[in-house]
Amino acid sequence: MLENLAQVLDWFGLVVFATTGALTASRNQMDIFGFALLATVTGIGGGTIRDVLLGRLPIFWVQDPTYLMVCVGVACILFFTAHIPQSRIRLLLWLDAIGLSLFAVGGAKLALGLDIHPFIAIIMGVITGTFGGIIRDILGGEKPVVLSQEIYVSAALLAAVVFVVLQSFNVSADWSLALGFIAGFAVRATALVWHWSLPRYQPRSRS
Amino acid sequence: MLENLAQVLDWFGLVVFATTGALTASRNQMDIFGFALLATVTGIGGGTIRDVLLGRLPIFWVQDPTYLMVCVGVACILFFTAHIPQSRIRLLLWLDAIGLSLFAVGGAKLALGLDIHPFIAIIMGVITGTFGGIIRDILGGEKPVVLSQEIYVSAALLAAVVFVVLQSFNVSADWSLALGFIAGFAVRATALVWHWSLPRYQPRSRS
Amino acid sequence: MLENLAQVLDWFGLVVFATTGALTASRNQMDIFGFALLATVTGIGGGTIRDVLLGRLPIFWVQDPTYLMVCVGVACILFFTAHIPQSRIRLLLWLDAIGLSLFAVGGAKLALGLDIHPFIAIIMGVITGTFGGIIRDILGGEKPVVLSQEIYVSAALLAAVVFVVLQSFNVSADWSLALGFIAGFAVRATALVWHWSLPRYQPRSRS
């Protein structure tokens, strides 16, 4: 199951995103099945949308139930431990940053292996990285983090772009994954710490 | 069209869920096309997501327009009769409980027939039972019933588990469907009457 | 790329809907990647859902990146020009009306070419016309225009019905498209100007 770095990162991303889903459930004071539902849709949501768009059906987790079992396991653990972190919203944002970057490079790698235009592979990376969190926030009734003031989508984009560009220069897959992840995470982390944001649209006098 | 119990329950579930969609439309004072839209997405939403994930495309209702026509018919009837029930929100919750349990066993039965891991068949039952209502509540601007205080996802889960377990003991399909439905509905009904809920995540002093 | 009227209208609808997505981003004061995300999901959202339901996978824009590039281009232009229109919400509603009618006839045409029941072809037109805007409004945190007081879904329905009926009388594709578009847009435009609405569900004394 863990033959190479790509798979290690994939499972790590799953655990991290499932954790953010469970933390959202804890902020909504849900029961354990609510935890399981939110952990699962967050963990597998981005990859599911990516695979539907690519026509890779039936979906990966229908063929291998391990993915769902990991999400449910994470939900059970968090149900009893979510009170430990000092600030669940900060933890959620940081784990989300890790999952975002991991899934962005992982999704781009998967798409690139399908003989697809590199631009589309990058978009698939962004979708894999961001849509799990979007579904989590809509179901959990929170303001979607994708609309947050800080740099978000662009971190996923950077991770996917770095990966695809490095691959086009024949850099090894492991190095491309690692550097893409680091680039995306570094940008998102900096944004979280210093509240970095890109120039935003400024309404002028007229509305 | 109605060869056996499974199909009778399936159409009954469709009518019941379409009715809850139309009731949500009435609570939003929509016009008749809003009724038709909400009745349709609620009636076929769960099964549509299930079939996309399983790769059963084109979707069942593309091949047989009867499903959509039933939903539209329900919407038209409700547009003129939604004022009759004493409390539309209570009626909605009770019909939703019936649809939830019916679609949970029906979805599990369909998935189990596809040579799929039983755990995934259970999840497909839960998806079929719950996602129509989730879409209804998001489109209708209501707090998703899936986030309600009372037992909800777990009722769908119980219905699907009972069905799959009984099937694994070679109980007949009809009995498995009936007992699964009764188990899920009984739990959800009890939760509605006595406001039963599972232990919820309790925030400790830190937030 | 632009062999006939159907394709011209399709690309025009894409630009128009992408613009409404970018305008929603401007109302949320997003950064340029937020503009790109909302422009893209609005521009291709309806067609994507239609193609998933029909099983036309991988999705059209995976095979031809031009669609995404157009949406991103529109987002970039709007990021610097969104302040020019006197009222962005009015412009958004009018462009949405154009896109709604264009995509409704275009979606119905595509579905009708697949040897599908005409009723389903009409529904596919409605889905293509309305779901991009629904996703835009949910992601952008705005009240879905589909729930607006004025005639909306029915305009898309009328456009698709006119197209399908004219086609069944062997009217040429171009004329059917043009007349379907005009019918849908005229109704929606009238509704916008005079706040036309269909009779809405009226709650009686009981609730």
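Things to note:
By letter and in written order, the chains are A, B and C; residue numbering begins at 1 in each of them.
Following the convention adopted for this analysis, a contact is a pair of C-beta atoms (placed from the backbone, for glycine too) under 8 Å apart; a residue touches a chain by one contact, two chains touch by 3 or more.
Everything numeric in this text was worked out from a predicted model, so none of it was measured.
Chain A and chain C touch with mostly distinct residues; of the residue numbers seen at this interface, under half occur in both copies. Between chain A and chain B the CA-based rotation angle works out to 120°, given as a multiple of 5. For the pair chain A and chain C, the distance between mean C-alpha positions equals 29 Å. Of all residues in chain C, those that touch two or more other chains are 52, 57, 138. Taken in their complex, chain C has these residues touching chain A: 25-26, 28-37, 48, 52, 57-59, 61-62, 65, 68-69, 79, 82-83, 86-88, 138-141. For chain B in complex with chain A, the touching residues are 52-55, 57, 116-117, 119-120, 123, 134, 138, 143-144, 146-147, 151-154, 157, 197-204, 206-207.
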